[in-house]
Structures are given as C-alpha cells and as structure tokens.
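In the two assemblies presented below, chain A is common to both, partnered first by chain B and then by chain C.
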Partner chain A sequence: MMRFTRSKKGMIGSAIVAAAALAVSALPAQAASTETQGVTATQITLGISQPTNGPASYGYNKVAPAMDAYFKYVNANGGVNGRKIKLIVKNDGYKVTDAVNKTVELISRDKVFALVGSLGTANNIAVSNAVDLAGQGIPSLYVNSGFSGFANKSTYKTMFPLFPTYYMETKVLGEYIKKNFPGKKVGIIYQDDDFGDDALAGLKQAGVTPAASIPYASLSQSAATAATWVSKLKTADAEVVIMYGVTSAAAFALGTAYALGYKPQWIIDSVGGVSATLQLLGIQAPLLNGVITSSFLPASTDTTDEYIKLFQTINTKYNVAGTKFDDNVVTGMNTAMMTVAALKAAGKNLTRSGVIKAIETKGKTFPSASLAQPQFSTTSHVGYNGFWIGTYDATGTLKPETGKYKIYTTDSGSGAVKVSTWKRPAMPAKGLPK
Partner chain B sequence: MHNHRAKRLIGFILLGFILFLIGNRVDDLRLYQGASVAMYVIGIASIVLLTGFSGQISLGNGAIMALGGFSATLAQSTWGLPLPLTFVVAVLGAALFGSILGVAAARLSGPYLAGATLALAVALPSLANQFTFLGGEQGLPFDSGSAPTFLGEDFSRFKWFYWISALAALLMTWLISNVLQSRFGRSWRAVRSNSTAAELVGIHAARSKVLAFTLASGVAGLAGAVLALNLGGVSPSAYPLSLSFALITGAVLAGISTLSGSVIGALLLVGMSELVGSLTSRFSLEDVLAENLKELLVSVLLILAVVFTPNGPGDRIRERKALHKKTK
Partner chain C sequence: MSTFTNSKKRFAASLAVVALISVGLTSIPVAANAAPVCATVGKVTSCGGATTDGAKYAIQVPSNFNGTLFLYSHGYRYVMDIPGYSTAAVLANPIPGPTSSDYSDMTTIGTLLEEGYAVAGSTFPVLGWNTKEAIKTNVELIGVVKKKFTKTKKVIAWGESLGGYITQALAEKYPKLIDASGLMCPALGNVAAELATAGDFLWGLKTLFEPKIKGRNYSAGIPGMVEAGTDLALLKALADKLKTSIGTELVTSAPSWPAGAPGAAVLGAIPVRSVLLYIGLMAGIPTRSAHFDGVSGPGADGSSTAFGFAAVGSPAFAILENGFNAAGLAVLGTYDLEKQSGGPFYDNTKTDYAKRVTVEKSVYNGALSGSTAIAGIQLALANAAFAPRWAADPLAAYNFSKQIKHTGKLNHPTVALTATEDAIVPEGNTQWLINKQKTAADKAKLLVLWNAPADAYTTFDATGTPVSSTPEANGTGHCNFTADQYLAVAHMLADAVDNGGKLDTGAFRDYVVATTDGISIEPRKGRMQKFYDK
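Up next, the complex of A and B:
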C-alpha cells in the first residue's frame, strides 16, 4: 500500500512540474507558411530519398544524379519562373525505417518544398503514413513505383505516381504471351511484396495461368536462390518465364539459368530489364539476345528520338563525369522534366497546393519523353498508362517488336488492352517546358 | 528497500523531466530520432531482461516486435481502442505468444535456442504476407493520432511521437528495473549462473525461464507498437531480420547485463548513421564508402566490445572501481 501512495504522490508532483514547465517555456512561432516552404525569390528546394548504394541500388542510383543534371540544365537556361532548382539526395538503402528518417530530415531540416521521385513501394507507403504527407499537404511528385494502390486519391492526396502500374504491365505482357506464345507453359518469378503481387494479379487478369509461380523475398536474391528458381521452373517445364523483380534479381536469374543450361523465353519487367545495368552486373550482351522487355520511354539507344538526343547532350555536359547514358538516365531526366513542367505551370506564386492543382488540371499536356500519354486529372493522379514491347539483340540493344513503337494502353482494372493512337507532341524548344 | 524504490522513482521522474526539456529545444528531426531511440531502448531492455538476466538468447526479438505491432494495429482497427490501450494489447499479445514460446525455449539452450528464435525472426514477419487480414506486404495503417489541440498549433506530429515513445520507454524501463531488483530478478540470475545450484535452493529453473521469456516478449511487444506508432503502420518490411540483429548488437555494445546500458545501445544504433553522415561530408568520402563505413564501425565496435568488455562498459567501470578499492 505504502508503495502506491508514494508513486501516486510522485506522479502528481511530476504532473504539476510538467504543467508548470509547459506554461513557462514559450514555443517559438513558425516563421514561414508551410505552403511555401523551400521556395525563396531565387530558389526552389526539392528532395529525393532513394537507394544510392546497396543491393537494391544498381542502376536506380543513376536516377537522382540524372534528375539533378536536367535541373542544372534548366538552371543554366533561366530556371523556373526565375528560380533555380536545388535537389537534395538522401540514401535510404531501400529500407523502410531509413526512408522515413531521411524524409523527415528532408522536410524538417532541409526544408524542401516537395519530394520528387522517391523510390520504392513499401518505402513510399511508410513515408506517407508516418510523415502524414496528405495531412501536411506535402507534394510527393512522380514516385518511382508502379504500385497500383498509389492511385487511391483519397489516401494519397498529394502523391502522383508517374509510371504505368505493374498491374498494367503484366496485363499487356499477358496479352502479348497469349498472342505470340500460344499453348506454351508460363513461369513467373516475382518479388514477394506489393510490387510482385500487383504483377501477378495483372497476369491473372490477362487470363494467363502460370504453371510455376515463384515468389522471392526482397533483397534475398543471390546465385543460390536463383538456382532454386531454375530448378522449380525446370520441374514445371516452363517455356516462357516472366522475371518480375529488380535488376539485380533479374541478373541472378539470367546468369544462373545460363550456367545451368536452362534456356526459356525470358520476359523481364521494365523495372529489372535494363540492359546497361544487367551488363554491369555481369550479364554479357549476347546472353540478352532474344530477351523481351517492355518500356514506356523510348529506348536509350534510339538516337533518332529528339528527347533522347537532348538527354544525351545534357548527360555529357551536366551529369556526373563519366556517367554512361542508359535507360535509368532517361527515366531520371524525364521525371525532372515533368517536375519542371509542374513547377512552371503552378506559376510565379509557387505554393504546394498550387503545384498539385497544376498537375491535376494541366498534367495531361506536360511535355515528356514517354510514348504513352500522362493521364493526370482532377479525379486521377496516375501518370502513364501504356507500354511498348521490345526484344534485345545480341549487342544488348532493345528493338521494338515491329521496328516501330507500338503502345498498348490499359488500366489497373478489368479494362481491355488496346493499341494507342495517341501521338506524342513535338518537344518544346530546347526541351524546356513552357 | 522502500527507500531504494522511492529513489529510483524520483530518478525516473527527473529523467522524464530532462527528456521533456530536451524535447522543447530540438527540431523535428531530432524529435523523430528521439522517438526511435526510445523504441530501441525498449527493444534492447527486452534483451537485457532475457539474455543478460535470464541467460536465454533470442535472435527473434524483431519477430516478437512485429507481433506487438500487429496486435496494436488490429486492436485499433477492430475494437477502436485508444492509443494507450492498443499498447497494452501489444504487450499482452506478445507476452501470451512469448509464454508459449518460452515453454519450448526452456527446453533448448545455447545455439539451439538461437537457431530456433532465428527461424522465428525469418518466418514470422513474412507470414503476414500470406493473410489478407494482415494487409500483405503493404501492411496495415496505424492511426498515430495527433497531439491534442490544447498543446498548441506548433506542437508538431514528431514531438507527439517523441512524447509518447519516451513516456512508454520510461514507464517500461522503470517497471523492468523494479522486476529485476525483485525476487524474480534474483532467481533469474541464480539460474543463469548455475541452474543446478539454483534448483537446490528451491528455484524452479524451467518456470523461472518461461516467466523471463514471457515478460521479455511483452516488453518487445511494446517496442513493436512504438515502432508502429512512429511509422504510422505495420508491415513485414518494418520488422526485418536486420532489426533483430541491430537489437542484439545494441545490447552487446552497451553491456547486456545493465538496463541503463540499453540507452547507450539505442543512442549508438540511431547515432551511427548520423556520425557517419557527418564524417562523409567533412572528409567528402564517397557514398559507397560511407555506407560500408557504418557497417564496418558497428562490426569493429561489436568485436571490441566482446573482446574487452563482454559485460559492457558499465560493468568494466564497476570492476575497475572494485579493484581500486581492493588495492587501497
């Protein structure tokens, strides 16, 4: 009994002390409105959290520097409505808790105006919940994830996914398989999370039932795990194999299958099927011969494309010296261009809600290298809605299926897969959004 | 004895007041890091209780934390419980699971127990992927709420996280320190040191081990709920295998047999990235080197700790003092 009275007294005492302290310690009032945080007369500060090294970073670590290179190019050409763009890059190693920590740092310490190109499905979900992006009105532009759940506008009010969803991709690939490989047994290796589950659901929607479905835990990819994938695929007699994961997983799958003498028709998703990164990870170009992949941006080797030509010049002049031009560089620069378009469209009096409104009302007409049209509207925050399908040749160059880009569009539901008739408008002068 | 308890209580209240003052003087990032430190303190305290006192090793604390996190989240979404009660559910849920696990654990020892708990750490979080009511990899949102309006408009979300996390850590460590000083704490130590001798003086060794496992699991459950609060949700990827290892590392670095060491361990875990970050910017190291530098420093510290202060720096200092007295 004695103990209780003591602790009660202590509690009451501490409560009084705490209340008194609360009363005397005045809190500093916030200086600027959060609506314009990160915007000065001469500068706009943006932030990105993504893996810049570690097992999941290969290839994607080129995205943020490529974005920065495009921003530098814009800055050298007068900036955005007179303001220069500053991009702060943080490494989260593709880990959820790190992504939240780095984002808190970006927002509270670096005082960024908006997040741009944040990478990862699970990471973006956690960041959105922990930081309460929607409640705080912080824009998260063009997240680097094709998770269809981000299309939920009521949960992710300030988020704009740019890429077509994984669901759309496997729907398109599924239709392609049915048409080009009828009757063949299909296998799929997929990352065992929303990223892969989304893909699996899309494939089912397309009416393809895989003979073997092999999930793998994110970051568990290795030569040893790849050997188990191959043995399962062999047992199931899979003749067409879809690899749905990040590039490092795709590299292990291709390399190990080759070493074990297993030669199915490989189809790699747009996330993992990046030739330059695969080669960097030890997959020789001849091994890529005949591998099918999909994309929504023009191939980085297609020098007839005006956007690719411009991005190549920017890469040489503004990117980190010695950066090899590849699809990840194109992705980064395209994201940066869409960002500049949004900031410009929001006008001279730049605010967070203004930039969100600008994308909702004018996003459809923003200049971008994509061969599928951005679909932003007041009712949907989803960007592109289509893919073209191509095959790698023996030099590791991706060629569209019929020599020309044929875009298949669809949705993240039960809608049909259609061939798009949309024609990308000409690039604005010097590749600078108006 | 009572005098001791009262002193300890006053100590904790003072500590709470200091934490409160610190919370008013730092920015949002530090507040958020503070909340992470509090989460780690609870997680490491669980290991101190289990390994340091009861002598049982667990590599599966991350999994128990996941259990706590999911319990709290489900309690909130299903029954609409307020925040403090969801934490209670997390503790009870994890403790219940821990008691079952503890029965099995009492039969295992050393590497076998380590192996079994490691398997748990690998399997349990990914099990959540298999059940839709657990939200798959996307997980479930946890409504962290926001600070009551009377605290003012400038009272940030992160300060709210910090307050709750720090309060949870204070309460829990205070409770644990009381338990450790009680009959139970003494019997755990007796069993750890020599289980036969302990049985001879009338301690039921197996029962004592199960109790320790149950309590430690309850503590880990609270850490899991605090993490859910700070992340605004639960998902398997929030409780990876590396979390279990980080907790062990933190516990070993700071001295596995002292509760106060858990604070040092937690500070080290959170502060290391910050330290490496400032080192890299000062000496403009390459990013690749920077990330590996962190792992390297932690590993080196771990090896040094095991070699030179297997019971933690605190214990070492105490030993020195004792030696000093003797030579006098």
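Up next, the complex of A and C:
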C-alpha cells in the first residue's frame, strides 16, 4: 500500500501533469508572478464586472461592449506595445455579492492583469474590502463611480476613479442654481447612501439650502415612492428640483411628476440624467425638454467633436452590430482610451505597480475626450475635476448652456467653483495614445 | 500501485469503512486509567481506554502503520442535554477523526487508516469550553499511543472548531510533542472574540425584538439551565416571527414588526429585514448562509423580482439563518463560560456599534433602507434608556480573561481549512492567525485552504418561496466539509512532516487544491471578527 508522501510524487508525476491541464483554472496565483499576471508577450487581459442584464443594467450594459470595441480598434492598429488587449466581461447584475464573486473569478480564474471600469459605489467598496485589491496590488482602473471617497489614496491605493466626484457636481450645480435661479425654492431628491450623501454635502458647500430634502433608499424607487416625492415637493413649493439618483429613480420622478401635473425646473445629475437611458426607461424625449444636466464628456450628438467622430466610427466598425451610439458608448470608449494610455505609459515591461505609477506620474496628460482635465498625481487619485452644464431640447439632445462647452472646475472640499481655462489637447493621431 | 485520486479514496473507504464503523463507535474496548485494551479486526487494531482524567479515548492503528499519528480534537459539546440543541450524552463516545455530523460517514478516518496512518481521539474529561483540560488529555494520549505503538514517530494534531483552538493551543504550549497541525473551521486567538459575536447578536435581538430573552447572567445550577433552555425556546419562536415578518415585507414593501417588539416604537418605519440585517452586521455574522446566497431570486434571471430578493431579501434571510443556527452555541456557550467564570463576562458598555459597520453601511446601504434608516438604528442603539448595555461582573470578566489564548506563533507546518461563510466560527478567526505571521519564514508555515460556496445555490419552489430544507451549501454552515476536503488537509500535513517540516508550495500543493472540490488558496482577506474593532 502506498503512502501519500513526497517520495510518491515522482510516481504520481504523470497524474499531476495530466491534472494540471484540467486544474489550471483553479491553480493559485504565485506571488512572484502577480505583478505580471494577465500579461503575456502578445496579450494583456483586463476584466470588468458590471450588470449586463437586470433592472440596473439599462445604459450601463453598453459601456463594456464600447470599451471592447475601442480595444479591438487599438488591437487592429498594433495593440499596446505589441500586445493585444483582451477584455473579459462578467455580469454581476449590480448585486454586491455577485460583484465580489465575479471579481474573484476575474482575478483568480481568469487571471486578469487589472480591473477596469467596475460599476457602482457600493459594489466597488465591497470588492475593495473583500478582495483586498490594495493588499494584493491589483489595479482597479477608472471605476464607474463619482464617490469622493475613492480618491482617498491611503484607503484605495490601487483604485483610480475617473469621473469628477458627486460632491464636485452638486457644488457646480449649486453655484449654477444660485446664479440662474436666484430666490427660487429648491428641492432635492437624493439616493440615501454614499452617492447621495456626497451630493448633499456638495450642495451644502455651495451654500444652497433646499426647502425640501427627500432621501430615498437605493432599490426603493418606484412609481408609488415617486408619488410621495412629488407630494412633498409640492408641499414645499419647490420650483427647482435636483434629482440626484440613478436613471431608474429619475425616470420615476419625471414620469410621475408629469402625470401629476407638477412642472418644476428639473436638474438631474450626470448619472441619472442620461437621455438615452431615460428614454429606454420610458421617458419620451419631449418630456426631457428643458431638463438641465451636467457632463464632463462632449455630448454624443456633437459631431463637431473629433473624439465623438472617432468613437462613432469605431462604434460602427467594432461594436456589437446595431449598437446605437449614445453617451454610454462615449463613456465606455473614453474609459478604454484612458486605459490604453496608462498601459502604454507603463512601458514594454508591463507590471501592476508600473501601471499605477504611470497613472500617478503621467495620468494628467493622458489623451481623453473629457473636457475637464484628469488630476492624477503621486499624491492624489482624483480623476476629472469639472462639468459643463446643458439643457435638453425636445429631441432629447443636450445643448451646452451658452452654445459651447463652459467647464466649471472645483474640488471635493471647500475650494471655489471656477470656469476652467484648460484646453483639451488635440486628439492624438487616429485616437491612439502614444 | 496506489494514488490519491478520488476513485482510489472511494475504493479505499469502501474497504475500510465497513469494518471501521462497527469498530470505531461501538466495539472499541474501554479500560479506565489503565493500559489500552486492544482488538484487531482485519487490518486495523482498535484500542480503547481512558486517560487519568477520565476522558475516554479511541486509537486505531493499521497493520501497515507508517509511524505517523493523526491526533484529533473534536469541537464544542454542549454542557447539557436540550432536545433539538444538545446531545451531550451521545457525544461522549470518543471519535478518532473527522466524520459526518451524524457519524455515519467515516470516509476520512477509513482513508487515513488505509494509507497507513494511525488515528486517535478522546472525549476530553469535561464538556463545554475545555481547552486547558483537553491539552492535558491530548498530551497524555500521545504518550499512550507512543508507548503502545512504539513505531510512532510523528504526531499530527488536528481538530475542528473548538478542537482547532485546542490544537493550536497544544502546538504553542508543547511544540516538541507534535510535528504539524490541522485547524479545521477553527476558533483561534481568543474565545472572547467568539462570545462577543454571540453577545452582540443576543443583545440586539433582546433590545429590538424580544425583551424576554435573558441572554446572559444565567443562574447557577438547574435554574440557570432552565433559563438557558427558555432562551433557546424564545429564540426559536422569534426566528419564526422574523421569518414571517421579512416574508411579508418582501411582498408588501411595508414594515411588518412582530407584536411586542420594542423596536417597533422607535424604528417602526424601518423594515424588520433592515433592522435584523443591521444587528447581524454589527455582530459580524456572514450575509451568505446555508440556503441564501445573496445573488439568487425567484423569477427569471435579471427580472426585477429576482434582483429585489437577492439585493434586500437574501441578506436578511441569511442573517436570520446564520444567527439563529448559532443561537445554541451563543446561549449555551455563554451559560457554560459564565459558570466557569463565576458570572457574566460579556460587556458591551463601551462598544461603538456604529463604528463597526463603517464599511457595511455602504455595502448594504440599500438593504439597510438607506443612510437615514441606518442613522435611526444607530441612534436607538446608542440610547442608554432605550437600549441599556450589558455590563460584565468585574471578577467574572477577570476570570474569563484567564481562559487560554493563542499567541499565533507557529512552530511547525500548519494547514487551516476555513469556510468563508461559517455561521458559527467566522473566517475572521483564521484571518487573525494569518495576520500574526509577519515574516516570510512564519508565513511559509501556514497554508489556508479557503472553502467558499458556489456563487449561486439558493433554490425556490414553484411559488417563488426560498427552499431551506436542502442540505447546507458547502462553504456555509459550520465544519460542513467533505471527506475530500479533510483529506486535503491531512495529505498536505503528512507530506510536510515527511519532508523536513516544509509545506509544499509547488505542484503537489496545486494538485491537492485542484483535485479537491470547493477549496482554493486564493489570497483573500477574511473579515475580521468585530471583537477586534476597538
């Protein structure tokens, strides 16, 4: 009878070899290789966890395919330092537990080099803690959230938010309201979590005191709850209403208010105010007429913008056939472009710490469609820092307030809101970061 | 020719188990305070006896004994018989290794014997939390085995739950007596961490849902047993009420508090599911349980119904299932250790429950009904008039603090097998041990085999009601391991002791991991127990 010892290993060697092929997906990461996990001589594997189906997927389910389309475009043009990019997309249904599960799969089974574009404040907090991204040195590039806490480099050492923060957004909107709607009673409906709390704090910093402040718990939005919002806003005589929530909540608010004959000046945040997504949720374009929102990317309808023109071309050639070009596609492609810039800047000898260092030291100059400048530095992981404000017309097209983009910049503290003087550099040749 | 493939193990088990079941549980001879009495059936010699402290032991040695003994320490045994919760009398039989919970599956023991290893274990002289007594028994038992079976050269100590605690304590105190340690679903560090989880949860339930729960400060003797038994009955009834409340809330979207719940007066606008979830989170109870995975819901994948249940219903049901499955240990463990300590030792007068959920309030914000609701719960629990805290008796707390603690020092190769969603001994115990290994040399002595459940395992009946009558999902429950998983621990340890005390980090380890369903060695950061959130 044989014992199960090292001396037996030679005898079972063939079994190990045979099993290794079967077991490769379950094999553990080796410490020595974690810096370059997901990188071969010819390929860089990236991963994203986001909802591709379910009630939270509207609009967001276009982001990953758009990223993939841009990566395919880059691959067709030589790749990144000779390597092709492979993007693995996992559907987390926007559920916290699934986001953790899928991220573990991406890292341990699919062996991705980095995460990119992961969606959601709560999900990213959960993943960061449960998977210990910082402890493992795993880059989480350009998370799809404006939660100001993610810019805390000491807590989220390997995470890089891209979007300007929710705090910045309401500071900007607050200043806009004070200037454009002086004396009007303001109401705010906000998601009662880190997302909305950030926004409420920014509005307070801007010196706007709402006459009605209505929180709603994430996942509680419905036509019935929206009716209670409208009732409270009416009671408070709110004339200007900030809707600071996700698109499903914004859709319920707009639709219910319309049905109840309540017509304030709506101002919707950049998350919930995406025309294409609102229309997918049943809000007809004419209902958006006059609604104000903010953005940091050029409007997807702005065909004068060189980035938009390029992205439209890529969308047609490389995205899933029939994908309608909209702001979600622009977001995805811009995130992908920033990713390629980071990977290129990290050099031929690509490592996880190398890409983090590249963003910290060079990220401020990465090419991007954004009209606000990235702020990455060795001391800060803040991404973009500003917004332009626009108004939807009856076709659902967002028009800048003065006919052209005016960027308001600020910070997530007590800094002033200023009109930016930064000019976005010309797009690199063919839209390929150097 | 033999390999350790699953088919081989099953084959080996089928040969050995037939003989071992009868030998292992009913036919081991008993000889109190004397040399072991042995009998050989087939290829296995089985010995029984008792150590000088009166603990019964069982030793089994195969005819092809290779010189390595697996010394097993069993888990916590309740100090009283309460139908449905405790069967102390039955559990007084010595078991020489891990078995299934009903003792019908002796595959692990059978396979080890077939591979040439000896196995031994005892009842320990006392029930309850018994680290000190168990160490003494184990030391004596090792001597008994070595004297009777002089071929014994190596000793691998291993144990489950409290048995893991005992094993680590034994390894720290007597490093020269053993050569390797296996810690399965182990309690580690400080028993106070375990009992704090119990106390926090019981306090929360009493404060917000059922004021009749005593929860601590049990009387001595029979009256105390009656009080503990009454608490268990109250908790069972409360679990049923809360299950109904949560189910109703998921249908109506309106709070549905059980009659008589004190929390209704101040938190009545908040759903019970959110309040229960908060209590579970502040106590450190996992949000995935034996039947609730946090990702599944009734209806079509991607439907609003499925999404809503997964996001807000499943975590609350998981807390309910995990928390109340641990109720037996919470109440009876508290009763036991109060008896040992001379009074109530649990103290939450200085506990900052709000600080404990700093991360969780973000992650589960929607399920907790939002920041405003969370603030309301925190305000209520911080109100001394509404939620009086439990103060320890100073002398009892002092006595309790003298319970054996671990330093975390590893003197030899150690393998931990830990479920990521263990309801009773959370993964934070193992994370504590991981955190104690600071140098590369220390880290090389520890291998953690994480046992995580499948992504999705909740099932629903035709009406969309979650089914909780199916077996517990592997990776949940407590010490809910397969024989293959136990054997993965054993094989890694056996390999290490035969190779200079070094845990394999190459192909052998990878093979064991890859061919054992449900385990991985992915680097992860286990959730620390809330006790450590000072």
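The working rule: the second predicted complex is superposed on the first by the 402 of 434 C-alpha atoms of A that agree within 3 Å, B and C clash if a C-alpha of one lies under 4 Å from a C-alpha of the other, contacts with A are read in each partner's own complex, and residues count from 1 in each chain.
Here is the rule we use: contacts are C-beta pairs under 8 Å (C-beta built on N, C-alpha and C of every residue); 3 or more make two chains touch, one makes a residue touch a chain.
As the structure is a prediction and not an experimental result, all values here were calculated from the model.
In the superposition on chain A, A:56 makes contact with chain C only, while chain B stays out of contact range.
Of the two partner chains placed by the overlay, neither chain B nor chain C lies in contact with A:137.
When the two complexes are overlaid on their common chain A, residue A:216 makes contact with chain C while staying clear of chain B. Of the two partner chains, both chain B and chain C are touched by A:97. Judged by the touch definition given at the top, the superposed model places A:354 against neither chain B nor chain C.
In the superposition on chain A, the residues of chain A contacted by chain B and by chain C overlap at 2-3, 6-7, 27-29, 53-54, 93, 95-98, 101, 104, 107-108, 121-122, 125-126, 129-132, 135-136, 192-194, 197, 217-218.
Here chain C touches chain A in the complex through residues 1-5, 64, 66, 114-116, 253, 287-288, 293-295, 301-304, 306-308, 310-312, 314, 359, 362-373, 455, 491, 494-495, 498-499, 504, 507-508, 510-511, 513-515, 520-525, 527, going by the rule given at the top.
Only residues 2-3, 6-7, 10, 13-14, 17-18, 21, 25, 27-30, 52-54, 91, 93, 95-98, 100-101, 104-105, 107-109, 121-122, 125-126, 128-132, 135-136, 149, 192-195, 197, 217-218 of chain A touch chain B when the two sit together in their complex. For chain B in complex with chain A, the touching residues are 2, 5-6, 9-10, 13, 16-17, 20-21, 24, 27-29, 32-33, 36, 126, 129, 136-139, 141-142, 144, 146, 152, 154-155, 157-158, 227, 230-233, 235, 237-238, 240, 242, 273, 287-288, 290-291. Across the complex, chain A meets chain C through its residues 1-7, 9, 11-12, 15-16, 19-20, 22-24, 26-29, 53-57, 93-98, 101, 104, 107-108, 121-122, 125-126, 129-132, 135-136, 191-194, 196-197, 215-220, 222.
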